[in-house]
Amino acid sequence: MAKIISAAEAAAMIQPGSRIAIGGFLAVGAPETIIDAIVELGTKDLHMIVIASDWETRGVGKLVVNHLIKSAQVSHLGTNKAIQAQMNAGEISIELIPQGTLMERVRAYGAGLGGVLTPTGLGTVVEEGKQIILLEGKSYILEPAIASDFAIIRAQKADKLGNLTYSKTARNSNPIMAMAGKITIAEVDEIVEIGELDPELVVSPGVFVNYIVITKEQ
Amino acid sequence: MAKIISAAEAAAMIQPGSRIAIGGFLAVGAPETIIDAIVELGTKDLHMIVIASDWETRGVGKLVVNHLIKSAQVSHLGTNKAIQAQMNAGEISIELIPQGTLMERVRAYGAGLGGVLTPTGLGTVVEEGKQIILLEGKSYILEPAIASDFAIIRAQKADKLGNLTYSKTARNSNPIMAMAGKITIAEVDEIVEIGELDPELVVSPGVFVNYIVITKEQ
Amino acid sequence: MANDKRAMIGARIAKELKDGDYVNLGIGLPTEAVNHIPKGVQVLFQSENGMLGVGPNPAAGEEDKDMINAGGGFITALPGASFFDSATSFAIIRGGHIDATVLGALQVDMEGNLANWMIPGKMVPGMGGAMDLVTGAKKVIVAMEHCDKNGNSKVLTKCNLPLTAKAKVSLIITDMAVLQVTPEGLVLCEIAEGLSVDDVIKATEAKLIIPQNVKYF
Amino acid sequence: MANDKRAMIGARIAKELKDGDYVNLGIGLPTEAVNHIPKGVQVLFQSENGMLGVGPNPAAGEEDKDMINAGGGFITALPGASFFDSATSFAIIRGGHIDATVLGALQVDMEGNLANWMIPGKMVPGMGGAMDLVTGAKKVIVAMEHCDKNGNSKVLTKCNLPLTAKAKVSLIITDMAVLQVTPEGLVLCEIAEGLSVDDVIKATEAKLIIPQNVKYF
């Protein structure tokens, strides 16, 4: 069962060095209110696991420009000059991961799997230093699960059990990140009573959600 | 885009020796009409990939009692005495697979992954003959993807693009099996026009579905 | 097993389940627990075919053909229920998101090994979801009769049937006793009303650690 | 690139897309194809963040903040669209369910190798979804300018930038030519109206196989 807390309480749980899986894609479906609360608290040395580094003023980009990120596992940096500058300056260490592989590695952790075998990245720098598995004549890269301490995600509605629905392409990585947090905090537009969500429409069952924060975004 | 065909046409596509991933759990959510058409046609030597062998008179049990199954990858046989008898008589060869592992192996094939690493089955007969992978001090069994030629599944509604919705626990393995067929045939209660399904409610996007069959079940 | 013994075991399982817990109950005896959850305590039950929020059995004539549990029995959905595919269901199980699972057993041993899915040459129903449940759930509770039909102990020094999982059971609840699996061995925590510690020792093939105070349950 | 050249490339890409195809278009030039799908041909476009059935861009003022494509641009949904999570989206891509993907390139070579995700020491945007798309799509089409801003050929004997994927490209559509990747090498199938075969050969670092009849496009 999920507990409703403030964004400040959510941010206060996160410690320097925490590994955080963050939902959203180019800041659409990003948990902006929780991100703002982390920025306000100024918790440093964070590791983030996120599809893209978003923009300097939106999404996880705000964590970057405030120098709170020490390292990241991410698939795309192209929209955020700050993270590229910090990477070039050696301030932030980046593991670039193909987007589909990133999703599977995060899902694997949430699903209790040790990892997956994927052909993506074969013959590229992505395979360097990784175990290659040959199965029935085909090669695959062994991609280990990515662990996270927290998942902070964004959904549209939550009921008080933590069951979540999403809005359009703001769904993106959120249901996957939600699976993977040792503690998962969902920022939502609206909290409804138990029984108000159609059980067929629930995308993330409440079992994945520990805390709910109401968004401050308009 | 999915094509609407008859159950007989669906059955006629399946050849002796075909590998078929079949949706349903204890015959709930099973594609009974297509199964009946296969029985009528009498196509033999089939390999089935299914959670459970159902009952003699319902679900894939009907394929078994008509001696159409040569081999199966399955997680539970307990409700079907015919399959146990055929197994003991050497008529059918069975690979028993933990249910969660079966789902991941089928999903892996549908998702273009070579396999997954799971702790399930460690220290049991399930690990015998399999590669064990050690990652950060933890052992996992390397479980390869399970390929299928056809997936035959059951859904509630399809639109004419093949987008599918399901009903309650009749969803079960169907969305996973749907991903994995080189050709996927969905038996549905109702076919609706394109645009009639809420895009947020679609569970299996039409991209996974090649053919649609209307159920004859009442 | 007599109904009062089933109820006693059900009540004892229920004590292990806390408000807000997500729980998966195996077929048969474990489901007895449902009738003993105290008022005000909300436990959310999973059915591994793809549902959370399993409610009571439907009244006769009100069964929904699309609403079954992992044992094939008809169920209902409580407010707040959700449906999902079986891969997600086992992601929940394997990923450690289920607080407790309660399963029956053919044998269980001092190391917390469990055998409950086949008897070679006799019965091969398959492991179904049991191996994933025992591997993934935060707490694995075995609920079973202490002895088999022939009076032989099902609590052993070492299981001799094919295992379901190694060293995953943490608590054993039988009609005779509650045993905790510890690194030191099986601790006899509680005995059934009307039995003596010796009764349990005699009925148990495995060696038991007997604390100074053994409670009744 | 001039608008007429963009349109020409878009029209040529569109010819590769068949009725009922599921297609993923990369950012920029590949999206030109959308404007050239013939009436009566239904192509379903994926956005890899998690959508099928991408429609035209919304009118100014009608943007929905929750509706973007993989490039961050606002989009609309056509009837029959569906939304799903990004893991499912890449299951669709990696699993071979997408009939064609069209991507831009920094370099492409005779073996069908593609480089489009980084220039060491200069630009490291990351591969995003490109590696999965190129690995998984049934048909990989590169759409790009034939030469870079300095007039150097982007069609090479061997890519020297870090690869996106090995030997996956099957067709190259540029402002000068249409090249097919075959086991024998690059076949010059078509040239742009107004150019000669020699013009293309001169502008191409890779050796080209010239069939007897080279069509215009």
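As written, the chain order gives the labels A, B, C and D, with residue 1 at the start of each chain.
Everything below uses one rule, namely that a contact is a pair of C-beta atoms (placed from the backbone, for glycine too) under 8 Å apart; a residue touches a chain by one contact, two chains touch by 3 or more.
Computed from a prediction, not measured in an experiment: that's the story for all the values here.
Undergrad: Counting C-beta pairs in contact, does B-C beat B-D or the other way around?
TA: More C-beta contacts join the chains of B-C.
Undergrad: Any idea how many Å lie between the Cα centroids of chain A and chain D?
TA: So the centre of chain A lies 29 Å away from the centre of chain D.
Undergrad: Quick one: report the Å distance separating chain A from chain C, using the average Cα coordinate of each chain.
TA: 35
Undergrad: So which bits of chain C are touching at least two other chains?
TA: 77, 83-84, 90-91, 93-94, 135-136
Undergrad: Show the residues in chain B shared as contacts by 2 or more other chains, in ascending order.
TA: 104, 107, 111-113, 118-119, 166-168, 199-200
Undergrad: So which chains end up touching which?
TA: A-B, A-C, A-D, B-C, B-D
Undergrad: Spell out the residues on chain C that touch chain A in their complex, using ranges where they run on.
TA: Against chain A, the touching part of chain C is residues 19-20, 22, 42, 44, 46, 52-53, 77, 79-84, 88, 90-98, 135-136.
Undergrad: Which bits of chain C are touching chain B when the two form their complex?
TA: Going through chain C, the ones touching chain B are 47-51, 64-70, 72, 75, 77, 83-87, 89-91, 93-94, 113, 124-132, 135-136, 162-167.
Undergrad: Provide the residue numbers of chain A that touch chain D in the complex, in ascending order.
TA: My answer: residues 25-26, 28-29, 51-52, 74-79, 84, 87, 96, 98-101, 103-104, 106-107, 118-126, 166-176, 203.
Undergrad: Taking the complex as given, what residues does chain A use to touch chain B?
TA: Going by the criterion above, the answer is residues 104, 108, 111-119, 131, 133, 135-136, 138, 140, 142, 144, 165-168, 199-201.
Undergrad: Quick check: in the complex, which residue numbers of chain B touch chain D?
TA: So the residues of chain B in touch with chain D come to 1, 107, 109-113, 159-161, 163, 179, 194-195, 197, 199-200, 202, 205-208.
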